[in-house]
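Multiple structures are listed underneath, in structure tokens.
Okay, so subunit A shows up in both of these, paired with subunit B first and subunit C after.
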Partner chain A sequence: MHSSLPLMVSLPFVGALLAAWSGTQGRLWSAWVSGGVALASLGLLFGPALAVMQGETLLWQATWVPQIGLDLGFRLDGLSLLFALMILGIGLLVVLYARYYLADQDPMGRFYAYLMLFMGAMLGLVTSENLIQMAIFWELTSITSFLLVSYWRHRSEARQGARMALAITGAGGLALLGGLLLLGQIVGSYQLSDVLAAADSIKASPLYLPALLLILLGVFTKSAQFPFHFWLPHAMAAPTPVSAYLHSATMVKAGVFLLARLFPALSDTAAWTWIVAPVGLATLVLGAYTALFKHDLKGLLAYSTISHLGLITLLFGIGTPLAAVAAVFHIMNHATFKASLFMAAGIIDHEAGTRDMRRLSGLWHYMPYTGLLAMVAAAAMAGVPLLNGFLSKEMFFEKTVFMAELTDSAWLLPVFATLAGAFAVAYSLRFIHDVFFGGAPTELPRIPHEPTRWMKVPVEILVVICVAVGILPGLTFGPLLYLAAGATLQGPLPEFSLSVWHGFTPALGMSVLALLGGVAIYAVRRPLFRLHEQSFGRFDARALFIALESALLGLAAWLDQRLHRPSLQRMLAVILLAAVAVVVAGLWPSLRDGTLSGPLPLTPPDPVSIAAMLCLVVGAVGTVVLHRERWTALVMLSVVGLIVALAFVKLSAPDLALTQLSVEMVTIVLLLLALYFLPKHTPRESSLPRRLRDLTLAGAVGLTAAALVWAVLTRPYQSIAGWFLDNSVPGGGGTNVVNVILVDFRGFDTLGEITVLAIAAVGIYMLLQGLRLDAPRADAQGRPWSWDTHPLILATFARLLLPLALLVAVFILLRGHNLPGGGFIAGLVVAVALVMQYLANGITWTRPRISGQLHPLIGIGLLLSTATGLGSWYFDRPFLTSAHGHFHLPLIGDLELATAMLFDLGVLMVVVGITLVILIRLGELDALEYPPARGRRRVMAARAQLRRGGGH
Partner chain B sequence: MILPWALNIAFVLVSLALLLSLARLVIGPDKPDRILALDTLYVNTVALLVLLGIRLASNLYFEAALLIALFGFVGTVALSKYLTRGDIIE
Partner chain C sequence: MEALIAIAIGVLTTCGVYLLLRARTFPVVLGLTLLSYGVNLFLFAMGRLTVGAPAIIEPARAAYTDPLPQALVLTAIVIGFGMTAFVVVLALRARADLGTDHVDGDQ
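Now for the complex of A and B:
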């Protein structure tokens, strides 16, 4: 039964794919699919919900990356059940509502796919048992809400609003991740159950305050608390169903959900109270005040939401168990009445064509039924008795009075609470009176009428809940509230009574005061509007945000510019200077004391080494001196490559030598191919001081590196080589340690590298696709090219060479596991041998003879290597474990075979594929058409062409 | 008895050959001169590796010599093809 939790969370993600696909089949399909998925998830919740009702806490866990404390874990207790019900229940209503709300030209599939993604992310967030997993889902809700807010992507305000919301909630998410990691560090576990049980050690830890601050940053940004509240009104550019879902019932509640979730672990400290409560209070008052002055229906609702979220935050900040109960209760009530109000606002917008309250009036005459629904919901928002908003608001008033009695300085709390309540009454009144009354409308773009029947159903359901809860709270939300509040507190529930009438209490007095005050404020609204326009109305948080954002981007651009933007040379200079500085700083003590040389004796030089080193020096210096003569510099560079290979041989690294040699050859071919299209001479571009500067820098780098190498090599040191030498045969079944490391110990790295290579090859192929360059008609001296394209002797010898070279490659591949060699070198040998054919015989001759395209070779090679790695899973071993054994084959003799060889074969195929794809594409760049690959018929055609005109 | 002496003499001679090829490569003066010098350098290193193998009584160096022999040819062909035709793969 517990496994239905992960199923419930993953179902919407699958549903997103289905919705996107079904959207292409017909307009309404995706709505049906989404509704079905939400219903199915709700069905999956049923069984676990019953268990939770019995007082159980359901857990489902699977290990994921236990090394970093990341496990998949889902948890269902009262609090997550409440949120899951809200997400799925209101989600279902929103699916129904959106189906009628979206216009014909809006792509349904995309909308519902985003909506389902969001639903899944939100479900995952509220049911996460692992903190890191929770942070992942948290980020997912930010991203999916970005997609939903910017759904009408042709509108600039939608894109800007979405970006602002993403920037703020994303930054908060980052802070949250840091906070959760700290929390996990304190507790020593990322499991929520452990964290909730470790409340005392968390609060005693020195890391408590940083962790709390970071987590609260995440909470405040997500739940639009002051001073981060301003993104929410701009996110109202979203389609109204999105606002009803995300911006009233679910996503903005994620912040307060986290407050509730971590309430037992973090609350009940001075820091908690003094941060959370004032922020909540400021948000409550500011939101309620601003809401009255918004002329846009959704703007009013957005600020009202901010205000109510502030109320909930304030309740959590007060920190008593009773306040937490009231907060949870208000979460439930706010979700119901605010979602219905958003839907009503959407209906008004949909049917009247505007949301501006200065243009709307007298709609009662046209849509009385919608008006009635909106009126009830708005009354609930205002806190009118017999509706659900009244109950939790009165609980809230009661808590503020309690706090005021408890401490002397808190007397302001009930005053501000009443003030905010009065403003809430005033803006609720405005929402109803400005829209539905006040004379016949004159400025509407169209004549309004009641919407279709089914568009009102979601509103009806929510409004009925508002009324039912308002009259019979104990019988409706009661059981769920007990469960959710119990899970929030993780302890015994305090005594509280859910009833409409509590007698003549101070809270009742505050409610009455707020109602009367609200009416009074609404009565004098016109002078108030003017006053506001001239004072606070001028302040624009969005302008501030944009200024801040551009300042930040400017700083980044400035840094970027300083470090590397203008030139490659400067970038290199910065890196090299930094390297020199670090090494010199480290070596400084030994340089000062003259102890750079270690105790080890020096090896006497032999004549061969001296001659070889002389070649190396001359080659390197020659390359630099002659670099403006490009071809000659290339020849000089080849000398360097050759001698480096020799040095590898001398210093007992035959594998490196073989690799160096084969890479060297491919490099020469590559550079020659590029040189063909480049100028033959490099102009002198740098001034003399600049060249001197570069010379000094290069000299410093060389000396530093030499000093470092000298210091290391003259000292005895323990390397990791010993371990590999000891474990190569027992662990990898091969005596060639280098190869065993490549294909076994570090096989995963190799797999990553060949994948990168393959991606690079595909990228190069795509970049060169369709590119044609003008080929020079003559060489650097202006002499025409030789007429002899493919000299006969060369062509014939090259053909003879192919089988020999392939034999060498097979030899190198097979022995690679035990003696110098391996897939990479063998691959380069094959590639060079094939390139030789192109070189000597031309593309026209060679391409039809190599059967098939070369690109698939890359993919097949990658698949083979991966499959070899996956194969070890079949035997319950970790990825890329190699099996090996000793075989005796007739004729060939004793053979040590390992599955790593299959892996190596994959490497070989990738290397051959990419080398040829890149080199041959480069060779084709000169505006000539070559025959495509494959097929006997094409060979014949090519031959016929050769006979006719001799190719080209 | 005679082998170490012969090897020593051979090493010195091959080293000299290395340096002489290098001189030709630097002096030139024509491009074909440089190509030939590089090719000779390849041949010299093959000899050097084989000699090293004999001196150390090991066959680990022969693959390197084999590859130089194989690839040196390709390098020489590519460089020459560039001089005569410009486009080496056509």
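Now for the complex of A and C:
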């Protein structure tokens, strides 16, 4: 197993945390950390890379959620190696570049943290063996790109550009997920190896077309293909290192990476060719044309990137093995020259203060060295011989000629290709000529000069690669190209020669034509600019997007207006009506046939049960009738709770009865406390028709509930209870099956539930923070509260009872595994005992004796329960496996202990924590502001005032 | 017995829902509590009604009640308390910040 693969992918994620942290220590630390992490990942890639060079495909796999085919899997073959090298190599250069690019006021830690996150996501994407995992990393790249583009979050165009990029690539990502899921369904496996091996069955499947369409949607949005291309120019609001990294070499290449990755599985069908190739062609031509007319340096580069991505897509669309080889080659070449051009544009922006080509000119005089580097890179972009861009563009021209010879209708292909080539030459010329020549600059914000030495190093390295590959392609990119192309095709490579000179071929003719045409177009650029501004220039895809977006938001707002009235009562009524409708629809057949009652024999009711139920009905109805007198209603409510507990006793549920009883107590205390701060009466507000309407609705809900219960209770059913009953003692080591289910069989559920409780407690804690409530000084009749010392007998007994109550709680906890009891109940008992102290002795006495800061208990309890679960990993068992055994303790005797008890102890702590946090904090709200001494004086004053008031 | 439980659940639900539709926070909390009793009983009843056969394994016994709904309901009761507490505190906060105990914050 090649564990260095997951390590390599996860290292940047760790690096992100480190970079964020080190950013707080000193400005440059995070740059060093990020560089180190990228270097370390690159080092980890070394060993596997050697193996891949030997022709191996490395796989690393771990099961994750095998039920849905989601496994953790990493794969390194030629294609993923190529991308990993680009991501880490160019990433390293970008780290270096950004260290000099970012201004003093830009937070470095945040930038590098985002950059590392993106690096990890991208690495994960290109090395994923599992398709779902790939989709996850795909989305991660969208999100991290959003963070990076919006890095200068004080700029509105950065925020807008980031949002647009996220909206489009995110939507594409959703489509992609759907497509990959379909693909997995067709193949029966989400492993890439299986998918690549099942090409024939995929193409024969009726699901092929929908899957292809969805996947292509993901590809086209990510790789900025027409008509989704417009997000990329707006993402140029990102800092330039981000553009150099994401928008030339990595993220926008994710789309074409996927085309390459799934090439063997999906290509070679009419649908593939007729969708991929035209989209690629349209993007190629449109991008090249628009790039010429952009006055912003980065805008020009963005459209040029779109155009080159279109070229790559078109090559994959052509679909022959040779075209795929050319596509992979162009991916490599484009990454090198475009990244260096973005960096050069960044340097110009950095030193001259603007990126607007209408203001820039004559920079050659100030920064000749940067100019030279930019010139070489731009020449590579234009496809000038002896540079790498020329080679892959030649291959591309050759393929279009080949297609034209193959099919009659494709004669337009070479024409368009040459045209796009000519425009590429023209915009490359403009990039150089407008910036570096054409007279001395007049309107620059500052006097430009060469940047610091190290800012140029990344550009130099990339430009050297451009030249080296352009002259000696076979010796430089050759081996990697063979590997990557071989992995793309998943089969034998076609014959092709990597050399500069192929003789006089049609492709060479096209290159010459493009070069001459480009110069010609540039010569007549001024009339062309005017023409463009009067025609295509008026059309703005962004305006369309914004119109679409605001229409969508408008629709949502309209729907919201219709559905979401700002009235809780009305919304509840709608929800309840819907619930009734659903249940009635389900019950309708049996209601119509009169078969609501099932065949099961009934249990005869006994007089005590009937009496208890009568009490319950009286209590519930009483609560409703008296609900405006809140104290009385609360007393009625507590009767109901007690009867429910009795019902659990009767119906063989002792654990439930104990829980219900203790919860009942804390609930009533809680409601009493709440009532102290709330009005004691409810004003009569609803009109009679409104009350009748509510009563009808309530009656309908109650009737359907009762009917449903009746229908269920009179029918037999299949239960999985038998398994739990059989396995409770041998498997869980406890005879109380309910408790064994809670802490063992379904321990994970319980862990989730106490987590929910903990979250509720945190929410409550925050809501109580800084809460100021005016407690009434007198009750409803105007009588002031009694500030008498707490009743002596109650206080004394409560103190005496505390240890006893805690002992009972321990007893309940320990026996819980075998007899009714357990962590939940024991926790509630402890809580009730402690709350009792507060009630009986008052806060002033209790607080110094029992710490009011009990909320750490919640965290400790959660940790304990989780740690117990994790402990089973140490013994190579699944999470939360319980171990149990017999122990003999002197004096006490035989004991059956299970590790589940530790888990239950965690449950206890969480329950104690949350109950006390709520009740004690709530009780203290008032006392904190009014210490008793002052309070007593206040009461005296109030009484005196009452007496005086009575005299009047 | 089945009829008794069905009626009890029906009554608890009716009363709970009626109070839920009131305009002030405290009756809504009361209604929520009543409704939780009803829902807990409902879930519990899905395991059918058994008298005198708790799910505590004993060598001499063959009949047991269904323990699974009980385990579900046990946590539901505790979580119900957590939820009630949250709603209560929310109501207090709303009263403190808005100066009213109306559910929509109206006077």
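The rule is simple: the second predicted complex is superposed on the first by the 883 of 952 C-alpha atoms of A that agree within 3 Å, B and C clash if a C-alpha of one lies under 4 Å from a C-alpha of the other, contacts with A are read in each partner's own complex, and residues count from 1 in each chain.
Methods note: contacts are C-beta pairs under 8 Å (C-beta built on N, C-alpha and C of every residue); 3 or more make two chains touch, one makes a residue touch a chain.
Predicted model, so just to flag it, every value in this text is computed and none were measured.
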Considering only the touch criterion stated at the top, classify A:665 as touching first (subunit B), second (subunit C), both, or neither.
-> first
After lining up the shared chain so the two structures overlap, which partner does A:741 touch, if you call subunit B first and subunit C second: first, second, both or neither?
-> second
Chosen between subunit B and subunit C, the partner touching more subunit A residues is C
For A:697, is the partner it touches subunit B (first), subunit C (second), both, or none of the two (neither)?
-> second
Looking at the overlay, does A:617 come into contact with subunit B only (first), subunit C only (second), both, or neither?
-> second
Does subunit B (first) or subunit C (second) touch A:654, or do both, or does neither?
-> both
Once the structures are superposed on A, label A:905 by its partner contacts, choosing first (subunit B), second (subunit C), both or neither.
-> neither
Where does A:819 make contact in the superposed view: on subunit B (first), on subunit C (second), on both, or on neither?
-> both
Return first, second, both or neither, reflecting whether A:181 touches subunit B, subunit C, both chains, or no partner chain.
-> neither
Given the touch rule stated above, what does A:285 touch, subunit B (first), subunit C (second), both, or neither?
-> neither
Mind sorting out which residues of subunit A both subunit B and subunit C touch, each in its own complex?
-> 610, 634, 650, 654, 675, 819-820, 922
Which subunit A residues qualify as touching subunit C in the complex?
-> 566-569, 572-573, 576, 602-605, 609-610, 613, 616-617, 620-621, 623-624, 627-628, 630, 633-634, 637, 640-641, 644, 647-648, 650-656, 659-660, 663, 666-667, 670-671, 674-675, 677-679, 682-683, 685-686, 694-695, 697-699, 701-703, 705-707, 709-710, 712-714, 717, 719-721, 724-725, 728-729, 735-738, 741-742, 746, 749-750, 753, 756-757, 760-761, 763-764, 767-768, 771-773, 818-820, 824, 828, 911, 914-915, 918, 922
Subunit B touches which residues of subunit A in the complex?
-> 606-608, 610-612, 614-615, 618-619, 622, 631-632, 634-636, 638-639, 642, 645-646, 649-650, 654, 657-658, 661-662, 664-665, 668-669, 672-673, 675-676, 775-776, 779, 785-786, 788-789, 794, 798, 801, 804-805, 808, 812, 819-821, 829, 832, 835-836, 838-840, 842-843, 919-920, 922-924, 926, 928, 952
Residue set of subunit B touching subunit A in the complex reads 11-12, 14-16, 18-19, 22, 25-26, 28, 31, 34-35, 38, 41-42, 45, 48-49, 52, 60-61, 63-64, 66-68, 70-71, 73-75, 77-79, 81-90
For subunit C, which residues are in contact with subunit A within the complex?
-> 1-27, 29-30, 33-34, 37-38, 40-42, 44-58, 64-68, 70-71, 73-75, 77-86, 88-93, 95-96, 101, 103-104
